[in-house]
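Here subunit A shows up in two complexes: once beside subunit B, once beside subunit C.
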Partner chain A sequence: MDPPDEAVPCRLKLPATLESLDPFQDFVRGQIRESRCPQETQFKIQLALEEALVNIAHYAYPPGGAGWIELACRLESGGKRLWVEIRDGGRAFNPFERGKPDMTASLDKRQIGGLGIFLVRQMTEKAEYRRDGDTNVLTLQFGLDAAP
Partner chain B sequence: MALHVKVWKQREGYFVVSLNGKLDSQTALECEAKLVPLLDGSAKVVLLDMSLLDYISSMGVRLVLKTRKALEAKQSRLIMSNLQPQIAKVFEIAKALPPQAIFASVAEADRYFDVIQRREIEKQSQAGKLT
Partner chain C sequence: MEIVSMKKENAMLIRLKGRMDVVTSPAFEQACDKVILGGDKLLVLDLGGLEYISSAGLRSILGVDKKIKAQGGKLALCNLMGMVKEVFHVSGFAEMFPTFDTVEAALGST
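And now, the complex of A and B:
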């Protein structure tokens, strides 16, 4: 029997550092193992997660601050879809609607910052941001079927 | 999994860099350290061989673009070979966009355009004053 869509998601909470990337990736990989989705789909999930998590690790908290990231994920639609929610307690930041551009930053830096978020959009079926109290909530959805 | 970088001289002034593993936020710095010695102008061509590279993130793309820029400043070239499909796709996404399209929002792109245009107009008007 497939679990219902309302299945309680699995959660993992770790420090908002680059060292947490691998444990988060392993955690999600473990969740989708049984879906046996194609390599291309696994690559997309890995890339979108990295870009989203690196963004938070770099920008959400003040340097040296003890920030956290909580990732929740579950399979939906009888295992045909992966739902991932990434929360952090950093400053309000909507990556899809960035505020004033930092005109003092080098052009390269701004372009690539934009590229990371652009890749998140390209690799997901759906990517949404919302502010929930004092928490940033990023929701990503992936289709686990073979890509067309 | 990490990244293994091998650099060798293929010909005089022509270096091959073989990337094996993942080029991402965790490995880009160590990779950059291995590329820096090639950026002094003695290498006329640097080839990034990506046949064993199976993952790249925006940090990796950024390093490739930065390296290319540094080489071009010395009239040298960066070339790449054997991109796996998923790697090629990421470069395609990055390259298919004209630079101004990589901004995250229309407003940001607008402002960037405005600044460039204003500079251009200022330059022209100054040139006009001089003649």
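And now, the complex of A and C:
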């Protein structure tokens, strides 16, 4: 068997629904299996993926629309890093433009809408957004040997 | 996610096991709704068996807290471990709820 080529990411394209969440998670889990990174790190990757994917499933497309999400991932730096790219064809939306949630506000008053994206930032080494034509592109980078 | 609820002397104890994500959180809220309707004033969540939580899980715990407070009761958490503990700390949720190291300590917190 040929060694995996770092330059060619594996891709999976599915409908932009919550039902696609588990298949996407299984897909990425399969890609990082060989890196043997700690379980805790895997949970953090799953958390960032869930937050990013749910955001798209809920908000990117008009209700009832037939939207899609394409996820690409590859191991980098000899298996020490995971690179993930998530694309969707929904309305232009930069999740990182929103302010950080106010962690000092009281339980009743705080605005927790931005919590998911805040967690994406916390769980990644790098998280970036760009608009590519009519596509939203979210790029996430994770360290695999230890928690970020 | 497994949800097991047990009646204790002065409280209701709910043990969670597995993953609390956007798909499984609604079942947790439904289980808690029943407990809250039962009128218990203290609800203890034992998170010792929970290996994963996302913002959907945090939000549903927040929702349960609001409901039980509206009835004059309170929520206590215990046994936060690993990734779950870290997510509670990073998000600031750990400071928003009474948290305990053991079930016994949480049950004695009335």
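The rule is simple: the second predicted complex is superposed on the first by the 128 of 148 C-alpha atoms of A that agree within 3 Å, B and C clash if a C-alpha of one lies under 4 Å from a C-alpha of the other, contacts with A are read in each partner's own complex, and residues count from 1 in each chain.
To be clear about the criterion, contacts are C-beta pairs under 8 Å (C-beta built on N, C-alpha and C of every residue); 3 or more make two chains touch, one makes a residue touch a chain.
Bear in mind that the values here come from a model prediction, so they are computed numbers and not experimental data.
**Student:** Determine, for the superposed arrangement built on subunit A, whether subunit B and subunit C clash or fit.
**Tutor:** clash
**Student:** Which partner chains sit in contact with A:119 here, subunit B, subunit C, both or neither? Use first/second/both/neither.
**Tutor:** both
**Student:** Should A:18 be classified as contacting the first partner (subunit B), the second (subunit C), both, or neither?
**Tutor:** In the superposition, A:18 touches subunit B and subunit C alike.
**Student:** Quick check on the superposed pair: does A:92 touch subunit B, subunit C, both, or neither? Answer first, second, both or neither.
**Tutor:** neither
**Student:** Would you check which partner chain A:47 touches, where first means subunit B only, second means subunit C only, and both and neither mean what they say?
**Tutor:** In the superposition, A:47 touches subunit B and subunit C alike.
**Student:** Counting residues of subunit A touched by each partner, does subunit B or subunit C come out ahead?
**Tutor:** After superposing on chain A, more of subunit A is contacted by B.
**Student:** Can you list the residues of subunit A that touch subunit B in one structure and subunit C in the other?
**Tutor:** Common to the two interfaces on subunit A: residues 18, 21-22, 39-40, 43, 46-47, 50-51, 54, 103, 107-108, 112, 115-116, 118-119, 122.
**Student:** Hey, which residues of subunit A end up touching subunit B in the complex?
**Tutor:** 18, 21-22, 39-40, 43, 46-47, 50-51, 54, 95-98, 101, 103, 107-108, 110-119, 122
**Student:** Where on subunit B does subunit A make contact in their complex?
**Tutor:** Residues 24-26, 55, 57-59, 61-62, 65-66, 69, 85-86, 90, 93-94, 97, 99, 102-105, 108, 111-112, 115 of subunit B touch subunit A in their complex.
**Student:** What part of subunit C is in contact with subunit A in the complex they form?
**Tutor:** Where subunit C meets subunit A, its residues are 21-23, 51-56, 58-59, 62, 65-66, 82-83, 86-87, 90-92, 96.
**Student:** Of all residues in subunit A, which touch subunit C in the complex?
**Tutor:** It is residues 18, 21-22, 39-40, 43-44, 46-47, 50-51, 54, 103-104, 107-108, 112, 115-116, 118-119, 122, 147 of subunit A that touch subunit C.
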